[in-house]
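Each of the two complexes below includes subunit A, the first together with subunit B, the second together with subunit C.
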Partner chain A sequence: MTQVFYGLLLYIFLAMPPVVHFLESIMVLHMHMQMPMLVASGFFMAPFFQKRFPQFFSKWNGDGVPGIVLFSIIMVYWTIPRTMDEALTIPAVELFKFISIPFLAGVPLRDSWMKLSKWGRHVVLIGFTLLFIVMGLLYVLTPVQLCNSYLVIDQFTLGWGFLTTSIGMIVYLIYAFVVDPSKYEGIPPEDMSSSDE
Partner chain B sequence: MATVPHSLNDKSVTRSFKEKTGKMLGVNPQDAKFTKTYMFVAFAALLLGGILGLLQGLNRAGFMELSPQHYYQVLTAHGLLLVVVFSGFFCIGYFYAAMSHTLGGLLPKVRKMAWTGFALKIAGFVLAVIPILMNQASVMYTFYPPMAASPVYYIGLALIVVGIWLCCFGAFIQVANWRKQNPGKHVPILSFFATGVFVLLFFGSVPVAIEVLVLVLPWSLGWVDTINVMLSRTLFWAFGHTYVNIWYMTAVSAWYVVIPKLIGGRRWNDTLTRVVVIALVIMNITGGFHHQIIDPGIEEPIKFMHVFMSLAIGFPSLMTAYAMFAVFERTSRRQGGKGLLGWYKKMPWGDVRFLAPMIAMIGFIPAGAGGIAQSTNQLDQVVHNSLWITGHFHLTLGISVALTFFGISYWLIPHVSKRVLTRKMNRFGVVQTILWTVGMIFMSGAMHTVGLFGSPRRTAFTTYFDNATALSWNPYMTLIGLGAILLVIAAVMQVYAAFNLMFFAPKGEEEFPIAEAEVGDVTGYWTERWGLWVALLIIVVAMAYVIPLTDMIVNAPPGSPPFKTW
Partner chain C sequence: MIKSSTNKIALILVLLFGCILFYVGTDGLNAFTAEAARVNRLVDEQPKFPNVTFEDSKGRNYSISEFEGKYVLITFLYTSCTTVCPQLEMNMSQVYQQIPKEYMGKDIVFLSISFDPTRDDPATLDKYKDYFKSDGETWRMARIPNKAELDALLKAFGVIVIPDGYGNFTHNSAFYLVDKKGSLMNVLDYKKVDEAADKIVKILDGEKGA
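For the complex of A and B:
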């Protein structure tokens, strides 16, 4: 349960007013630092809920798909420029961010990831890579402000943040597709029967 | 084993047979030639670089006149020879020897790539040295724009980078091939370190290649009028800092793997050793920003974030410090060491192969502490442009890295030359190590102190029109000069030892000391997922660099024309 404690600690740290203020003062930190760290805090706290409500998770998230869909919806929602604006101006939306990202994205991500097949995980990664490329292009190419609260230069920086992160994800995907771990690890890769490799 | 195809199994049997015969017969002569050549170049560079260092030391002490233009010429050559050639050639020679030894000999293809890399590096080096000798490239090895050197200098640097890349890819092919032949096995620890170092070497040299090819070269050729100075400096330090940590990781590999064997013990926890390598690889490149703490044009929050990133690299270093003392104490107690600290007497202090890296490790305690102090914004303001920083990197590189490399040379060179380290040469090495240490304590200690009093770095000797404060620095400058004299004597001795062990020492077999893991130490296989570590490295770099780079490019000033300040 140590990681639950650290997850909670991270959550409390991220919710501290000076930290909130600093991370939200720069657009790319808001989206690419605060939000992923909130997901991570939920990810670490997940075992607490998994142990407390095992019935709930096995009943509603048996194969991991509902959980990952919920995760994707929440994450996609928070990539919309307007939602960031609202988080800054409407306290209720800010509160929703601090509840939705750790508990409706981080927790289901932890519960679903290991339940998904190798291909399920790759579909999620490909989806997010595409999303990152599209969002990156949107933020880089749009000549006008998309968020009231952030300048065009902030938006441009965020766009490049998306694009460069997607390069890292593409490198990982290429590695996952090109390199057959069974050749190196001496064990058959998971789900070998269901893949064409 | 049922899932492993028969042919693969056969191959791995032949392979492990080859490995065993390789170990019995000693080093592969072709691989040995490669490492010997690299060591030859490295120690020749040490000799030249050391002599140039002496000139600067004597100048700073006021013992010798060097006109300002020659001072910078000498400084540029000193930096290039020791920072790029000595350290770079030593790292690659050492890790290729390690891969040859632990992975059953280099593949012919890999050997060819590495030799091509060698040729490119030497060609690049010659091209870089010519303009330095002609006094057309006194820009120091950091080559900060707007100081502009002759284009030939930059072409030389670009060739060196391409040569390094060939060596990196050779190493990747070697390791991937071994893993294919040995499915399910962990890459031997020294080759694991090599993988980490070559990953960093490749990704770290990408920014400097961009800097040289896209920004500096067209500008020095006159194709474009101005250059974005901040962008160039940032790209340089993404490389420069990584390069520093590559030597450090090379030294650390010997601390973790070689030293436990020399003291008759076993290695520290294998998983955590690999975690240290992975952590250093993922978090390293972004540390470059702490070299720019006082650069204008980077916002405070970004500098703050990067202080955090730099201190994050301190964490694996602290793990290393803990690991080393744990190994020392465990081994010494097994050998009968007693008391709270009495166990230290059990260690082989008279063995140069141990003594040199041990002093290197002890030196890393103040060196690392100084580094942490300098990464802090306010403290760096005080010392950044002073001799303190010069003292710092003479402690980290001159003690922690160089002494470890010297210690390695006393077994690696005889190992690849099929000669032995005699008792006499060992004694010679101990004297040389002590001399080097004392010299470096004088020089680095004086530099640190006088830096705190405000003496600037990167200047020739001057009394600033007999200004009282500047005159008060003089006693320390004398100490720097004395240190430089001791150091050059030790450097000449080291070079003599290296060449003696390579060509004249008695024939025989010298061991390649690699300590075994503790009994029952099981390593998680996840540590071998290099694709994941590389993806994380790219994402960390992307997150760290996107804000400042976008800002520097979009909000760029008009840029600077080239200047020749010397």
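For the complex of A and C:
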């Protein structure tokens, strides 16, 4: 399983002190590089757990909903300004970040995504788009420093990071609603989504 | 059938976990920022003002015991600051004006502490204090020359100072009210001048009545 290996490699890379220090020194890198890459590392490592405990995933995450809810909870949790601050000042919180994001968000995301219906996925994407718009506006419009460890200007950059990401997600959603890929690629629409439908 | 029921259980467990995580992570939904958590903790713990030696704008040296028997309203600043500190000190000066004269210097003293002792020598502080109509007596500005003592104080009061790489610092600001025995009794929002002044006057009036 090459991807499991690369996932683990990415995880180890992200956990190296100089990398941790660099990515966490800039707020936008902390939230929009380190955290998504931790999700990605878990996402790649997921097949290892899925192969190992197929029963567990099919039994407890049969329709993908518990997994995606767990993913969302972990993601929202790490957007709270305080959690980001405390990841820098309290080692236990930092450790929790490195465990929760790959294994409680990345792994369930992988397991759930293909199990969700097309509409389920759209609901998740719309939810995160709205969250990103709200977080983006919060960081761009508040002159108040929400984090003690980061400058207001960092916060501003992060806000625009959220807004531009949400623009990207809106473009994708428009595409998903408007464009019918089967017309262009000759793939029947049923095959584009999961077999559960 | 079995599959869907285990899914429901899993979903409930996940939601429960989420509630606990958010509840614990925000001190019972009270503190969504580290700053709020810090202020709540300080007001709860009421840490004692550590033993440090000040050097004020007149070059006098003393410790916090100088103010024994008086309330002390404290802010932290550095004079080269062009952003928050002038606003913080401006607001402090407005609070200063709202405190009845009879209390000033007798029951309460204002103290601005610089955390940039290398640049903020007595002469600099002396000049700086004039911008805010501080008299240097009932409202003093001082530095803490000893680095270890300064760090101990910043740590005790949870003041996080980050150099921004351009010779400036960024820091969390507030009014710190220290009671007559030298313990931190309250942390007030420096942006709400009237509210802070009201609270202080109420405390002073209460003392007088008692």
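Odds and ends about this structure:
Keep in mind that, in the parts below, the second predicted complex is superposed on the first by the 187 of 197 C-alpha atoms of A that agree within 3 Å, B and C clash if a C-alpha of one lies under 4 Å from a C-alpha of the other, contacts with A are read in each partner's own complex, and residues count from 1 in each chain.
One rule holds for everything that comes next: contacts are C-beta pairs under 8 Å (C-beta built on N, C-alpha and C of every residue); 3 or more make two chains touch, one makes a residue touch a chain.
Nothing here was measured: the structure is a model prediction, and the numbers come from that model.
Using the contact criterion defined above for the overlaid structures, shared-chain residue A:W160 touches subunit B, although it does not reach subunit C.
Judged by the touch definition given at the top, the superposed model places A:I26 against subunit B, while subunit C stays out of reach. By the touch criterion stated above, A:I126 is placed in contact with neither subunit B nor subunit C. When the two complexes are overlaid on their common chain A, residue A:G62 makes contact with subunit C while staying clear of subunit B.
When both complexes are overlaid on chain A, the residue A:L137 reaches neither subunit B nor subunit C. Looking at subunit A, you'll find no residue that touches subunit B in one structure and subunit C in the other.
Those residues of subunit A that touch subunit C in the complex are listed here as 58-63, 65-66, 69-70, 73, 77, 80-83, 85-86, 89, 145-152. In the complex of the two chains, the subunit A residues touching subunit B come out as 22, 25-26, 28-29, 32-33, 153, 156-157, 160-161, 164-165, 167-169, 171-172, 175-176, 179, 182-188. Taken together, the subunit C residues at the contact with subunit A in this complex read 3-4, 6-7, 9-11, 13-15, 17-18, 21-22, 25-26, 31-38, 160, 162, 164, 170, 172.
Taken together, the subunit B residues at the contact with subunit A in this complex read 3-4, 176, 179-180, 183-185, 301, 525, 528, 531-532, 534-539, 541-543, 545-547, 549-551, 554-555.
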